[in-house]
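Got a structure for you, questions after.
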Amino acid sequence: MNRHMTSHMPPHLAPHIPPSDASPEPPHAAPRAALGAAFAAVRAETERRAAPLSAEEQVIQSMPDASPVKWHRAHTTWFFEQFVLAEYAPGYVPFDPRFGFLFNSYYVAAGPRHERPKRGLITRPSVAEVGDYRAHVDAAMRRLIAEADAALFAALAPVVAIGLNHEQQHQELMLTDILHALAQNPLLPAYDPDWTMPGTRRASGMGEMRAMPEGLHRIGHAGAGFAYDNEGPAHRVLLPATRIAPALVTNADWMAFMEAGGYQDPLLWLSEGWAAVEAGGWEAPLYWRWQDGRGQDGRGQGGRGQDGGWHAFGLAGLKPVDPQAPVCHVSYYEADAFARFAGRALPTEQAFEVAAHQGLLDDAFGVVWQWTRSAYAAYPGYRAEPGALGEYNGKFMVNQMVLRGAALATPDGHARLTYRNFFHPHQRWQFTGLRLADETA
Amino acid sequence: MNRHMTSHMPPHLAPHIPPSDASPEPPHAAPRAALGAAFAAVRAETERRAAPLSAEEQVIQSMPDASPVKWHRAHTTWFFEQFVLAEYAPGYVPFDPRFGFLFNSYYVAAGPRHERPKRGLITRPSVAEVGDYRAHVDAAMRRLIAEADAALFAALAPVVAIGLNHEQQHQELMLTDILHALAQNPLLPAYDPDWTMPGTRRASGMGEMRAMPEGLHRIGHAGAGFAYDNEGPAHRVLLPATRIAPALVTNADWMAFMEAGGYQDPLLWLSEGWAAVEAGGWEAPLYWRWQDGRGQDGRGQGGRGQDGGWHAFGLAGLKPVDPQAPVCHVSYYEADAFARFAGRALPTEQAFEVAAHQGLLDDAFGVVWQWTRSAYAAYPGYRAEPGALGEYNGKFMVNQMVLRGAALATPDGHARLTYRNFFHPHQRWQFTGLRLADETA
Amino acid sequence: MNRHMTSHMPPHLAPHIPPSDASPEPPHAAPRAALGAAFAAVRAETERRAAPLSAEEQVIQSMPDASPVKWHRAHTTWFFEQFVLAEYAPGYVPFDPRFGFLFNSYYVAAGPRHERPKRGLITRPSVAEVGDYRAHVDAAMRRLIAEADAALFAALAPVVAIGLNHEQQHQELMLTDILHALAQNPLLPAYDPDWTMPGTRRASGMGEMRAMPEGLHRIGHAGAGFAYDNEGPAHRVLLPATRIAPALVTNADWMAFMEAGGYQDPLLWLSEGWAAVEAGGWEAPLYWRWQDGRGQDGRGQGGRGQDGGWHAFGLAGLKPVDPQAPVCHVSYYEADAFARFAGRALPTEQAFEVAAHQGLLDDAFGVVWQWTRSAYAAYPGYRAEPGALGEYNGKFMVNQMVLRGAALATPDGHARLTYRNFFHPHQRWQFTGLRLADETA
Amino acid sequence: MNRHMTSHMPPHLAPHIPPSDASPEPPHAAPRAALGAAFAAVRAETERRAAPLSAEEQVIQSMPDASPVKWHRAHTTWFFEQFVLAEYAPGYVPFDPRFGFLFNSYYVAAGPRHERPKRGLITRPSVAEVGDYRAHVDAAMRRLIAEADAALFAALAPVVAIGLNHEQQHQELMLTDILHALAQNPLLPAYDPDWTMPGTRRASGMGEMRAMPEGLHRIGHAGAGFAYDNEGPAHRVLLPATRIAPALVTNADWMAFMEAGGYQDPLLWLSEGWAAVEAGGWEAPLYWRWQDGRGQDGRGQGGRGQDGGWHAFGLAGLKPVDPQAPVCHVSYYEADAFARFAGRALPTEQAFEVAAHQGLLDDAFGVVWQWTRSAYAAYPGYRAEPGALGEYNGKFMVNQMVLRGAALATPDGHARLTYRNFFHPHQRWQFTGLRLADETA
């Protein structure tokens, strides 16, 4: 999801909030306790992810697409202050009335594009003050969840649910954004030396393909349970006969592509993809670098010695590339070129959803997001909701591609069969990989 | 179609060339005569379109997306020289061996991006020399078509068919490109004072909608007859229940949108669309300008007087906007915003094709290209052909939107039910309009 | 002089116009005849320079710094229409009232920066119509010069003198601009195959140096005779003891610099000069290219073969570099780096003027403009004149460097000891070379 | 001085280092004690300036021209480690061998332009670690200064002097850079609420002018005492008769210029200055903003109310503009336009130096740097020194203008009559103002 979306999350969430039970609250009060527990857990997870980072590391912003960790922590807090406490908590006093301007990109009509790249210059409020802000809002939220009468609780619970899902998205962005920032430091500091990217179940994504015959399938979210509005309406689609790989493409597969000259052959690339290769000097996934036996970066030194190897910078720092692990930090352009190289294609998002539902896929969730060949677009009959939370629906439905699945950095409970992630085809700083498919029609 | 594609047309054409009859040629030789006549007609149409333009007007290039008229005339000629005469005409001597470099963007591996914007600087060969070049190639082509033996004719006929379709695409671009160039001249010279944009059959595109129930339909090209490879494979799709407007959106409709503040309300726009509005200062379709009663441009003069009116620059020069005519020269972003303003959507390309096939649409062809909400992508099972003419298939299938129908400037015989035109969502210099639709699911 | 200046020439000219004789006109009327002859000669020279160029070649503009030949022809004509005929010729009817907008950058308050790069898109008026425009104005001017009474003649004569000097500047720009345009054409067409760059009197600019002791000198224009206002006020300067080379730096000298790695050693360059080298990929003067024995451009092909050589594109087309000729088309940055390489410096403009006055220099005029190390600035006591013709005085006195002398393309009669030409330090498309100097203090 | 220079300071300093006494050290050891005391004082001043800033504030970089405070602290430390300790302290072990890469822009041949804008992303070493680095180097330096034998001391003392002057320049940049960074924060935090810009001695810079007759004067540094090499060689100049204002231009003067439409009248501006006004939307000095009675920023809200006023953001935060204070944070372009508006000019740097030497000027030092109309260029006979410390001499002598005097932020002991500061004409973030002059020739 691109940055614009993530900071405008509320409107996306509106239509499919499961209505809380508006009947008189039973004595056991399970939903209330559950919501309180969910609130505590999600808020704590944000802090857990920020904890390894110093104040300096929380303030920096390494590119306009990314935001500082401190901003993520404050923006998600502002969400509850603005959409829950200001609406439903009588007499709530904002922690600091100026924070709305700083941490809400939503109402900043005047020049939001100019402001966003300056998030990394907001030294005050400090990291400590943002911690105080979070504590202040958490206390008010705890009190509100515990003490709201049944009618009030019924009204606010769906908004809290939105806020928690919103914060979970930012939890993943906190990691991708800080990883990008740390990668700019020549010292290559680790976020967490013990972080590991899981290996895949299979050594290669280029082997077995599993077949799905042509057929009608129901796609998209329906029923109870939280979902973003872009996951609906549920609708029927005609899936053409398709084969899909159960396995993710691995680093070993990718190195074969590189060794075969994949990054040097314009015939494998979309026209705009090749332009990105040339403009960016791409020759490997983002964060990869060749390192020789003496720990020296070998780029531009007239060829690579025999005793070196590819390394990848990740949350654990710079490590040799693990051939068994899924390839990660590749753009759609690269994924598409790889598929062409392999004589295959990427799956459509519909094929992915059907296959995942039928259990044909390994590693569908929890490893890397998987590029599909579907442009991000409205489902048939999708219509933006009226009102503030719905006003921007569909705003990002152009020039982006859908990713399916979920990644290692995706918080527990945030993955979903119908989930539609989306980024621009040139973007590489998310945990993005691929699996192969083709249609046999 | 964007410029890159148009100058790389050959590969796109390969798969669906109807094979000419390879059996021994019958005495009446109809296909041979027909091909010769088609060749003569298409080549003459190019010259007819260039005829009103002086040498100065044929050399200029007003933006990188456009090409000079002289370049179009030479490039389409080079196509026949390179792919037909050099292949099939023994002993053919190129008119000038240096022209391949100048008029072929295909093999210019070194820096084609730098070269393209410099097409407007090629003063030599002169317009007169390009005329000689065309005559030289035409003569050789006529001879070859007339004299080739049956086997040779069978081999070259499909390539000539490609070349003629290729040239027809450039015929439309000649008009859109010269219109853009003339629009840069403060004197606003007319290409042809008698050119008219046809009125639409209806006064508004916001009235009647026609319904199509959910159902399976076959989409795409199959069978004999020429088609580009991106029109296939033909395949079945499940069309959701859809309503579609028989009428094109008109200038009257568009002025209502403008008067309602459509260009000032970010809530109506895709996020990237709004960025285009702001960056480009868009406040009306391309080529529109407000003119007061004294013929003065009213922009930036503190508001528009009561006695003025909107004018549009077109091939006939600057004329008052005709409310009955279809709106033209709007981008996808504008079309999408208008649809949101109207409480509707754009049709998918599948809905357009089914509705056009069923005869539900007025003005489907021959007025303006119509933006659909379908991103330009491969049909299921589409696969690039091997070999030179197929090497770039699919190269443009990202970040562009499909347009359907055909425009007033489209040459006779070039429109087709399954035709898929495509441009980037910000582009406005083609003859692009829209009709409304929605899904009722 | 940069383009801004040249199109705003009038104001620069005001202060030093030699006053015409306002006394009653003597019977022989010599000044009147002389002015008429000068007018005819200058106007004819412009046409002589344009004559070899087709309509296509007269319309194109290859970069924002340059203007089309047709524009130069029309702009210089507009000058006389606007500043002479409209002021002094009662009842004069402009040839076309719209031409003021097209050919006058002076009053176009609204966005002149946007307009200038579009000069190459003005296809109408055509080259033929511009010829008519020149004839129309010439006829009116001839009549006015011949028939004005003495008082009127006294008033208009200085303005005509300005207009003629203004046109002479454009005559030089016509050649530098068309040379740049032709250089963009891969066919490298010649402006005039017989054009030659003169050899220098000496084989090297790195030999003899001539000494000037410290001393007071008078600098700048004074007295009768035409001069631009930036050449005054005449004033005394203290010249430090200086040595200056009588000879221009030659191509042979420059090739020694190149072979010594001059373009690869950042220590020889100004910081911004090195940035220009890197950004522009400079490795030789503008228009030079390495050509091997088979006429192939050797750049980027992994080294240069033994049998090739440096060629320079000029008004006569592409020719082998003549070691005896002065180096030409080098920027200030290159001239400065060369001087550092040579262990010397460039002369100040004061040292040049004194040395030229004392006759110490060979080839001071008529070969190439010579970069000095003087930034273009006002002389002491320089003050802009009031009124229209003086309003922009001094407008370009920042970020440009003074060149002295005159070039082969400078029209006869336009060179002057006190003449101050100026361009930005990165510009290379003028006929610019250098000579060495140093101060011995 | 621009950033490039400041980070390449050593070479500039070489020629004029006063040689320390190489004779056997006398018992009282005065120079040694003095150098030790100077070292302690300068190093402490850096820390004093950094002390009010949090870790977050020390890491950020608000534009490529600026550097983070932490970087300034580390870079000045690296200077002593690299040029003193590594050279003269046997057995010295660098604090961290990787710091050379991070804090030395000097030897980073590969892509220094890419690196510099990323200084704000160096979160590690942390502020605390940089503090440790400073302490480590300070201890080694103290020891070396105290214990070096006489010969060693004689060799290292001049390099230490360079390092101290270098650090003093960075002390000023620390304040200008952090001011720019804090200005990007909508909360407008103060660096030090008690900081004040001194008033000027006079209420206006537009009154009295003091005359200097034409005459020969000696300019530039000579003799003992530290100076940068660009301050020499001392040489004679002929100063034209000049009048110079004893007073600095004040905010009251500047508001008169603004009220007279100074920022709206292109006739007052250099051509490139006007382009800067338009591109940057300049309408007041940098950091000024109009604030109405309710503390709202009035820009873009359709005019400014009567009850508001101009405020300036400074090291003390946002304060009403003090009419008595000198105008500050104006570019050369603005200074030049103001002078034209006032019917005057800026002084040459020679006139400034002579007038300051003769005592004609109030507030020459310690308030604001004062733009001169002299382009930054080599003095006659200036020649770069051979060797590492001299290799880049003169590297910045193009496209920049000389400022004279010194500002409030200039450290004690760093101002000098012959000091030549220089910046590009568009730059405004330094403490830059002006005084008027003119030549009467």
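Should a chain be cited, it is by its letter among A, B, C and D, assigned in written order, with residues numbered from 1 in that chain.
The definition used in the following text is that contacts are C-beta pairs under 8 Å (C-beta built on N, C-alpha and C of every residue); 3 or more make two chains touch, one makes a residue touch a chain.
Bear in mind the structure is a predicted one, so any value in this text is a computation, not a measurement.
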item: Numbering shared by both copies at the chain D-chain A contact, with half separating same from different; value: same
item: From chain C, the most remote chain by mean C-alpha position; value: A
item: Centroid spacing, where centroids are CA-atom means, of chain A and chain C in whole angstrom; value: 59
item: Mean-CA-position distance for chain D and chain A (Å); value: 45
item: Distance between chain centroids, defined by C-alpha means - chain C, chain D (Å); value: 38
item: In chain C, residues with contacts to at least two other chains; value: none
item: Residue numbers on chain A that touch chain D, as the complex places them; value: 54-60, 62, 98, 101-102, 110, 118, 120-127, 181-182, 184-187, 189, 300
item: Of chain C, residues touching chain D in the complex; value: 4, 109, 113, 214, 216, 233, 235-238, 240, 242, 266-267, 269-273, 275, 332-333, 336, 340, 345, 373-375, 377-378, 380-381, 384, 391-392, 394-399, 401, 425, 439-441
